[in-house]
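Below, each structure is written out as structure tokens.
Next come two complexes built around subunit A: one with subunit B, the other with subunit C.
For the complex of A and B:
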């Protein structure tokens, strides 16, 4: 039982990272019905950029800089990869373009930071804290808190600020929002920026507990997509639940079956959910008008 | 309801000229002959083993990419799982050797079979989704495959991989003979085997895509809903496309295992998938030459990139071209001159970058990524598509052979309807609920055979919802729909899939035209005739006499139908190039191809000009006279009044009136529904 609780506790931390990335998928999907297939690379670049800054700025001052970096990165991805494809109404186009940008980022990162995984200095003590026999790293607590805080911040932004309201309006009906004088093009860029920003932030959160390197993003992004699907691409609560389900499922698989298979349950779950209920557990079925 | 704003403008366009037929087929044949001669002669001209091996790899990739094109080019789905399928094929062959010492031939068969089975498995979740979802599903599938190959050490030898001996293609020692072509020839056996597989693949893919299967693939890309409503199950044909594509990937994988003589899990990752997609897009989808060109590019590219001086020369050429293109755009004041600046600057910057670098090998993936971006935005139809646009004789001939076929409208429609007073279609207390809204609230409808039954009502009254309930796109929340064809008892329609309903004799058109845009008018009608084909996939692949006879008959029938709706002379024009009014007529023709007993027309006159409307009403009358019952949703009251034998009026999901056209027109309830004024006011 103790081991089980321990596994659940670690699973929760991993799951919150998935949720944070999945949240980024939701942001762009809502406004433009597109996803950044290079979301994992945004996370990786955020982490590596942060790693480069840490010696100069320390961990805490590095955070806002990484947020700015992520924000700019998202805008670049949207302008180069998504906007032209959306203009020519090519689904294949934006999928391929974001994938292409993703592999370019990965390749460039490999050439700048090397192919080996690097150690990210932890800002918090690395001594585990024990809660009733369950050992938890302070950094894991920070991951959960940080991810929740960030999602909360974005929600507040959407509800309170005028730009956030424009984002919500665009998500509901892009044509109507456009007719109301909202610059939907800018809103889409903004949603990409926020999306990449959350990914970059997730990157610096997760980096101290995992290794940091050019390849760290790919699998994380894929599993975050599984989380987004399980939770439904429209539901904010869904991604948190989905993230927790997946994170725990993974640590359990890793312990009880084999660490080699720990990536499998998420992907199987993804296939299963799509086969049974493509809109996700928390999503609403849309009626298509013909 | 919503009338397309551009419709009148489109209708005024003249019909585009019918493309020249015949030459395209000739070009294809010439290309095929050149390819055979090239492949046969290559090892005798270039004796270097290195180049022969390079050609083998190109051919193997081409086999896979030809298969990938079926999924990407024809059905329009993005698959990121093909490297995984390739790996399954390779491992199927390699494991059989490792465990049972079974050689090349069994390996090939197993590669095809096992991978096709996995393609089927992949199709199950992939069936219900499309676009980005499908891309992620296939990506997840590919990742799972790689993990399993890595982890199932007992079977696959894990990360160590499997080493294979040289392939033995023909084992003459079994019959106690020496190979007749000596030791030098023996080395080429595998080369010729791969070439034979490539040529066979080209023939198979060619036949499949030109068969009803290929048409179904294209149809489901352009409009899945219309495809289902033509009785062509999107569900089933997506599976076919995936399985065929997977089988070819498996064949390629098995050949690859024996050509490299070593398989390892890391060779079949995401990057390989991206390369395959680059090859399909860059070469040009929906062609045979495209995948060959694409395969050659992705195999040669690493070699070119390894040679820095060559890269510098190419970068110089690219930079010069960029200067010329951007310069010309500015001189001619083209609209896109600003948007060309960024890629132009990037191309320019690339040249000094290559001068500064010692080697670009490390940036191989960046170069591939840039190539993808370039292709997606500036060459979306690939090299072959670009050439086809510039050189008209390269365009596919479509179906020139049946150009002279024509027929009168007689005996066109096989009368399946029946006369009599009993209703043909009966809707009983149909309820359709969306959330809190009842779009249909206990609506009864009875349509007598041989009549034109009008369905009218203000916007939002539930007419289109009724249409969608009748054709199975919506499943009614409650109530029943039944159709009485022939002399049998009425059959229930509710709860069936759109394609089942279509096949039981209910055809429809759509409020917003849903044609298969990239297919010709004739091919659109042929999709409607899909039900008349009995041939299996093997008939299509082998080109059996049955298949050819069916195709001939279907084409003749399709021409007859086109003549019936007045589109005979436009048979070879792609649907997207037809004027709007003709598109509407083509949609009706396509629906007629289903041999319906009941035809549902959803606002057929919307957006049409007066002469178009006159033509349309004449055709609808002809259809009724041929024995087909028609349900007509329409806002043009003169059309409704002139055509309909009986009219039902809907308002807010309720049926508020029914009767003869004149009778309904003067019904106070109907007037109220349309004008929104109280009954008393209207009566005064």
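For the complex of A and C:
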């Protein structure tokens, strides 16, 4: 039983890492029906940027600076990669454009920060704490709490602020929102900025536990994408549930079936969700008029 | 149409006419292939810089056969398919005389057949998969063009297993990554343990970039393991060390050589202290050759530590071995250089050892087990794990008859 709980605890921590990244996919998809496939690279740049700042500012003061950095980064991605494709009504141009930007970011990062995985200093003690025999790193608790807080903050922003309401309006019906005088272009840029900001924040959040380096984003972003699909690209709650399902499924399979098949059930689940409920577990089915 | 054809022919004639007299002083082109980006790049870059250093020294002293060595460096990104592309480019387009490199076992296996087919010698200076030098063994092939200056996996697996058994551990858990490197190493480990009559209590797998090792470690713990033999590269080995600390489970960890990578030392931090691994080279200045190599490396590349010392040292030595072979062959033709490598008359003083007949037609591995020592991670550095090795640091460990 204790082993089971330990596995679940570790799975939850990993799952929240996925969920924090997946959240960013959902933000941009809601407003513009596009995704930033460089989300992993935004995470990586956030973490490496934070790593550079830490010696000067300490961990806590570094956080707001990374948020600003992520915000700017998202705007750049939207302007360079997504807007031209959306403007010419290219259905899929943004896919290649965001992937291309991601690759460029990765290469730039390799040139600036080197190619090695680096150690991110942990702001909390690195000794595990014990809850009834289950050992958890303080940093893992912070990942869970930080990711939830971040999502809560974005939700509040969407519900309370005028800009947030514009985001919600745009995501509901972009044409109607435009007719009502909302500058939907700006709203889409904003959603990309918030999306990259959450990714950069997730980067500095997970970096003390994962590896930090130019390639850290690739695998995490892929898993997070699966999480976004499982949970539903339309739902904030969905990514949390999807993340937890995938994370816990991985650790449990690793222990009870085989560590060689650790990644399999998550992906089977992905296929199952796509087959049975293509909009994701928490997605809303909408009728698309053509 | 006709006139353009004539012009083309004329241009071609001119080009060949100008190229021919330049041949005599042409540099000797040597391919250098390894991952200079990505997860195993600290090994690749250390190897490349070791190669650069040696080539520069040789060129300063007049080159080989009166010709300068020219390095043609390519990044294979540690990816098998890119490695195969690089090999074809170096063989067909760059027309290299020989190639040094391969960090990743998978890349070596995917790429070296192009050299074999073109009869161009390859010296593997880092990749350790046992099969690498046996891929083109006679009688299936007339001659084998693949050589190696690293401690291959059978040696390392044997050392790791013997050390665990010698220290009195009975229940061994094996953790290996899912790449060619990890899985071939795991096979060697299991085979060796079987021969010793030991059955590991757990054999687990992990992927590159895995961030959580809880499942693997809990399984080993539940199986009652009292020692971990881990086969992987720096970052993931560090995650294992960190994962053990998180679970509060402390058993000794013996790994394959890449725990000497800087990334392991950085990421594992104090959790990495005491981890031991086989090494052909420890960063010490006991011999004049080692001192000049280290001083040269630090000064040239402006560092105070080689990212992966073993890769740097083996890369450096591979250039001198190749240069000696070209000199002895008196030619850059592949078959002649291969024949010279298999029967080197002169002793070659390197950093790892002084090579005295390192290769024979039957044995293409320059390193034997007696030349490999255990290194230990201690406060950010790799030191000798055993007192007697530290005492004998200045003694050159020469090759004895290998078992491979």
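Worth pointing out:
Note that in this section the second predicted complex is superposed on the first by the 273 of 290 C-alpha atoms of A that agree within 3 Å, B and C clash if a C-alpha of one lies under 4 Å from a C-alpha of the other, contacts with A are read in each partner's own complex, and residues count from 1 in each chain.
Everything that follows uses one rule, which is that a contact is a pair of C-beta atoms (placed from the backbone, for glycine too) under 8 Å apart; a residue touches a chain by one contact, two chains touch by 3 or more.
These figures come from a predicted structure and were not determined experimentally.
Partners subunit B and subunit C, once the complexes are superposed on subunit A, run into each other and clash. Judged by the touch definition given at the top, the superposed model places A:263 against both subunit B and subunit C.
Within the superposed three-chain model, A:3 lies in touch with subunit C and out of touch with subunit B [touch as defined at top]. Of the two partner chains placed around the shared chain by superposition, subunit C is the only one that A:126 touches, whereas subunit B remains out of contact.
Touch criterion met: A:218 reaches subunit B and subunit C at once. Touch criterion met: A:274 reaches subunit B, while subunit C stays clear of it. Residue contacts after overlaying the shared chain place A:110 against subunit B and subunit C alike.
In the superposition on chain A, A:65 makes contact with neither subunit B nor subunit C.
With chain A used to align the two structures, subunit B clashes with subunit C at 73-81, while the other stretches in 1-9, 19-27, 73-81 or 361-369 stay clear. Residues 107, 110, 218-219, 258, 260, 263 of subunit A touch subunit B in one complex and subunit C in the other.
Those residues of subunit C whose C-beta lies close enough to touch subunit A in the complex are 36-39, 41-42, 45, 178, 204-209, 211-212, 214-216, 218-219, 222, 234-235, 238-239, 245-248, 261-263, 266-267, 269, 307.
By the touch criterion given at the top, residues 72, 76, 78, 80, 124-125, 127-129, 131-133, 135-137, 139-141, 143-144, 147-148, 150-151, 225, 270-271, 274, 277, 281, 339, 342, 362-366, 368-370, 372-373, 376-377, 380, 434, 464, 468, 473-474, 510-512, 514 of subunit B touch subunit A in their complex. Interface residues of subunit A, counted against subunit B in their complex, comprise 34-35, 37, 80-81, 84-85, 88, 90-93, 95-97, 99-104, 106-108, 110-111, 218-219, 222, 225-226, 229, 258, 260-261, 263-264, 267-268, 270-272, 274-275, 278, 287-290. Residues of subunit A that touch subunit C in their complex: 3, 6-7, 10-11, 13-14, 17, 107, 110, 115-119, 126, 128, 130, 135, 137, 206, 209-211, 213-216, 218-220, 250-255, 258-260, 262-263.
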